[in-house]
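These notes concern the structure reproduced below.
Chain naming follows the written order as A, B, C, D, E, F, G and H, and within any one chain the residues start at number 1.
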């Protein structure tokens, strides 16, 4: 692809952004609504000397990615709900072993095989270490193709800086959406990170290295978890990202992430035009959760309406962030012929909260 | 076993309680610290016409359990962290398909292969639907062999009543602990539930039944999740269990579950003897979280100290439950040669909170 | 007593895939001009040519065709 | 020029499993009365009997025994 | 026929071999009077619609896990008749370990793998059974033995297992082969009913949509190109009946 | 020897066959000058200690997943030498699908399965390789072919795969067999170095602790009873060298 | 100026192509475009719906909720679910070859187009989608027919170049109100 | 009356058996008992530790944290990690056959017992644990020797009945302060 501005499916935008940023390995197993990513990399990675590897299962996918990451190279794995479940053990292993990678979960309706249409129901898994043990990884929730492109170099940087898996989540509706995007921000960045310090490339003269995922002395387990917690703390301090809109004098704030964020923002803009004191927050990082913007909310805020394509997941993080300082309510919607949250319902809730 | 009072390992007590309550199928794959359960059932289930089935992996375990549950019979699967990860997809499927079963997670240090000694780090996975999608299942956290026995018939009842997987969690230290237990409460109860209404035993004249885990029309997905949410709400209203001690005039409350709960209770008793106004809460159900006891806390409570063998998981539920009404602090400990939380540290924290 | 055989066509199920036409040894089948509810121009038979061998019924992936005896 | 062979025993590694004793064709090995740091009464050899065939070194699971040439 | 729900049109694509397999299963269940105590476990894939068209109890397993589900079911109701209906992606890619272990254990269930050489439901991606040079969305330049290996000979892998009572590769490529497939399937069902052990049939089937071919051409490809690499064959038959 | 860390005592039980395998690997790495670019991927099991005693880079994979980890590694560094060291539980029970797919793909890695017929590390439970009648904590009345199937012939399952360049079942039961095992292992390493495809060696090994036997008795059982069911044999050798 | 369109049909009918082509044509006109979609799990025969927003300004929310200016119903199975997508005052095109009786709904304008029959006459039943799109362009001017025709070439690309002709023919036939003039 | 005991050693030395037997003996005396444990991942050669609380009252917390009345160190590898488990004023028994020099710690009473050597003399090196336990009973009276001997039969059960004799012999030899009188 030569031009920088293209009209593409967001899953393809994700793939193209990877290519442009220098990622050369993609591991995947087909699953709707994530298969488009591997279709794209299968057709395009080879042109830049990369490889899409279709493994026999999601278990194999995440473990192939582990091996690749151990060589110091950055790879990616993409999937959706059921496949994401199967990857959790491996994601925990990679985190424990401090291996960087890029992950993508195009969320669909669950539990069970559920439905192939979009949802935002993997928030808990994504933000609270879906594997056993204590750990957190950075989670980015772009709301548009452009934001995918903008975030890709950031995610790659954090993967190397913190030596950790980094996760992107999109609801399936957004993943399948086609829109115009400018690829200029997706500069080659992968090659600028030196992984020689920690990668497992053969002992040579430097002495052996062993990637450890278990502990042979009980104290190792304690040390490992402490290290992971220290990283989580550093990320919480430094990596929070969000979009905010008209919070200064807001009485009611609407909070939504991903595509529903775009829908809600338009509604908030529309209500503002009517003179209603409504503000808007869209978390871009789900971990670390952008507590800072909640901490900085003006005293005028009476209520936060959290809108999600699930039955109440991110709302817990909002409640934890405001810790009782204002009321927090939730509107969730999952499935149906049009899986997106309903603008009408958001308008109704707002009308009840901000009587005209 | 004839006598009712026995000195046994808690993992064995779990197995014996299953037998006495009428469970006849146990599926498992070896993993420390949960293997003792399958060793016991392998040696004893056959005497009552039951079967321990060692599957080739935890994936096979949970899916065998699914098939068995579909016949209307109650089975069990036991595991620990890494194996629990691998079961998540299946647990989500069983929940979606409304199939009852008993699960046991003997928690060890994670993430990764981690360490085989005890921890309480699977709290998030256990309480927030470790698989993708929106769903919750009842989670019991006994603190002693006796409580395992007492809870087994309750868990079985809830599994059938709500037609849901029910999960027991124990930290690995407790799982390997040996103590005296009275089996009298473990009465045969499984056979008293009629599963003919929903089980898949062959169409005969009643017409076919199909266990659905996916949706063929998008509206099915919406309906399924709504049904699961309604169950979760009913459980939240009716199924909260906890132990409380001296809350009436407490200024500081210590909150811990499982074995650390026993340790903390002893410390609180000891401090009370010194006249300090300290109370104690031990959640027995982790889902539904016993919000009621927190809602009912007297105004005298200034601070809640949450003690866990992890770096801060249940503490989120405590914070959500008190919603800013008092301060909530956390002391966590994971791994090391003695993985249990340190009584000394709890005493120090309390001394700082309640100056003598 | 020679049995009477009939080729029954449940045209509502036909998806006009053409397999039966291809395999019919007697070239007794063809697609017709009309659409069924699914929008397919379903199969029709020429009863003159048909020898009721049920080859079509054996291969039809949509259980449209069946030779029945009475 | 005949090479000089020696059987070297790293007794700190021995776990007294007895395999070398069992397989030695010359019955040149036996457990001694002392313990090593791991608490095992390690293997000792009778250099008179030993023919330096390295059968013991081949089977020893703990890399205790080795016939070396100088 | 009580088993088959004639009023429900198949939702498979025109020409899809899953329809033929469904009809054969329905006929055999009916003919052997199994309906009352049959449970079909379907995999995730286009075969997952199989049970929509039959009056039998059915379970939808997680992708690749039909066999352990069937195993658990059979443990609970040993006298019921249990078969799985899986695609080659479900059975030979993600579910391969479960297949091999059940076969080796001699678990008395019947496994039907509808082998159409692609992941049909998700859009025709490469499966372990895709032929060399065949193009799919995930091997757009054709399957390459060096990168992707040769088509996996699943049936052949079970040849030396004592637990397997019936093992065959069948096909629906022509009316003659369909008739033969029915006989093989009948033997597989019998193997279970007679408690002889595990039974497995791999049924070569076309996926005109995934192969991006006209229906008739896809059957011809199945009869020739596919069968050359994956020959129709009966490997094990402990039932002893005609097939 | 630079590869081997003589100063570190093995933490395996007295008589454990893992020690012999570790020594053979160290010797071959040294003799073939592979140390600089070797990566060993160990499974979770007693074999997971293997790399503690060698001066080579190593990765500890999740239980059963060494092969995909090795695959990913080899993709990233195709010129490095990559072998997995797995137990029979790791490789043949939970990890069977990964093994078969890598073999079929012809992934140029070497897989070593130390087959001691039990899950050693977790306390000697039944593995797919446990012999009929053998008692373990999870089959306390002995493995029963009807309930548990026969020992899984893992090597035999790969016989027809074109991707496999070297395939053998070896043993450490006697000094003679140990020497033979070294030769087989050398061929497997060579198969990878010469980019001929996938190589697999199954090494029969004792677990005196898990078998609850005296060490010498366990080696005798290995030489006789185990080898009767799982014969020592070279199935495929595309290297052509002596072995 | 902002327009919202819904294209609904059965999988395999090409409604997603209708939506995509609409976007590409809008982009030809220097507008912005966003397309989203839902679909059944079947490869063929399930439902498929494409939602399109085109605008000469930046597009915030890409969602359509009972506010579509134009709603195309290509198959009877989706009529009930998607007729409500049209805004009141909107235009509802339906494929009268398959949707045998006019759908029931108030305050919309119906456009009955025998798209499948027309395409069959043109010799390619699968071009029914293009026929309908051409007709829509003629009736509503939502995008110019020339933009559709040139966008089509881009959409099909090198690989499917051989399909350009028949599809353009269908577009133009639809635009012309039938296929008779092409006979 | 409540007593806390720690038994630490290398895997395979039987320290968990020492802990279990202590509990069973306490139960023989109608006391309550709880045992917990930690261990390495190795089947042999790793560390193994048994923690025991016995009491004539109900036992709340089963944990031992630098407050053990008795601490048995059977192997040098665990000395550093577990000598701190003893309460000040507690008793520390160590297996002087393997722990070659007296461990260093203040305000505890040391008991040096050549358990492995003694057991070797008795003809079963693996009975070192019982020898140490017997000696501990003699020195501290934490449980009566008779309770240990009869609990041993219960612990070993029918299957391991053949091991009762040698282990009881070791218990009694330890109790008697050595094994000389048995020679």
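Methods note: contacts are C-beta pairs under 8 Å (C-beta built on N, C-alpha and C of every residue); 3 or more make two chains touch, one makes a residue touch a chain.
If you're wondering where the values come from, they're calculated on a predicted model, not measured in any experiment.
Averaging C-alpha coordinates per chain and comparing to subunit A, the farthest chain turns out to be D. Of the two chain pairs examined here, C-G and F-H, it is F-H that is joined by more C-beta pairs in contact. One inter-chain figure worth recording: subunit D and subunit H are separated by 35 Å, centre to centre, where each centre is the mean of the chain's CA atoms.
With centres taken as mean Cα positions, subunit F sits 26 Å from subunit D. If you average the Cα atoms of subunit E and of subunit G, the two centres end up 39 Å apart.
In subunit F, the positions touching at least two other chains are 12-14, 44, 49, 60, 62, 93-94, 96-97, 101, 123, 128, 148. For subunit A, residues that reach two or more other chains under the stated contact definition are 32, 56-57, 82, 89, 93, 97, 112-113, 117, 213-214, 216, 218, 337, 339. The set of subunit G residues that touch two or more partner chains comprises 38, 41, 45. Looking at the complex, you find that subunit D touches subunit H at residues 35, 37-39.
Every residue of subunit H that touches subunit D in the complex is listed here, in rising order: 10, 45, 75-76, 97-98, 116.
Against subunit A, the residues of subunit B that register as touching in their complex are 81-82, 84-86, 88-89, 92-93, 95-97, 107-115, 117, 119, 121-122, 124-125, 128-135, 213-215, 218-226, 228-229, 310-313, 316, 319-320, 322-325, 334-337, 339. Within the complex, the subunit H residues that touch subunit B are 20, 23-24, 27, 32-39, 41, 49, 59-63, 65-66, 81-82. Of all residues in subunit F, those touching subunit D in their complex are 4, 6, 9-10, 12-20, 23, 172, 174-175, 178-179, 208, 214-216, 219.
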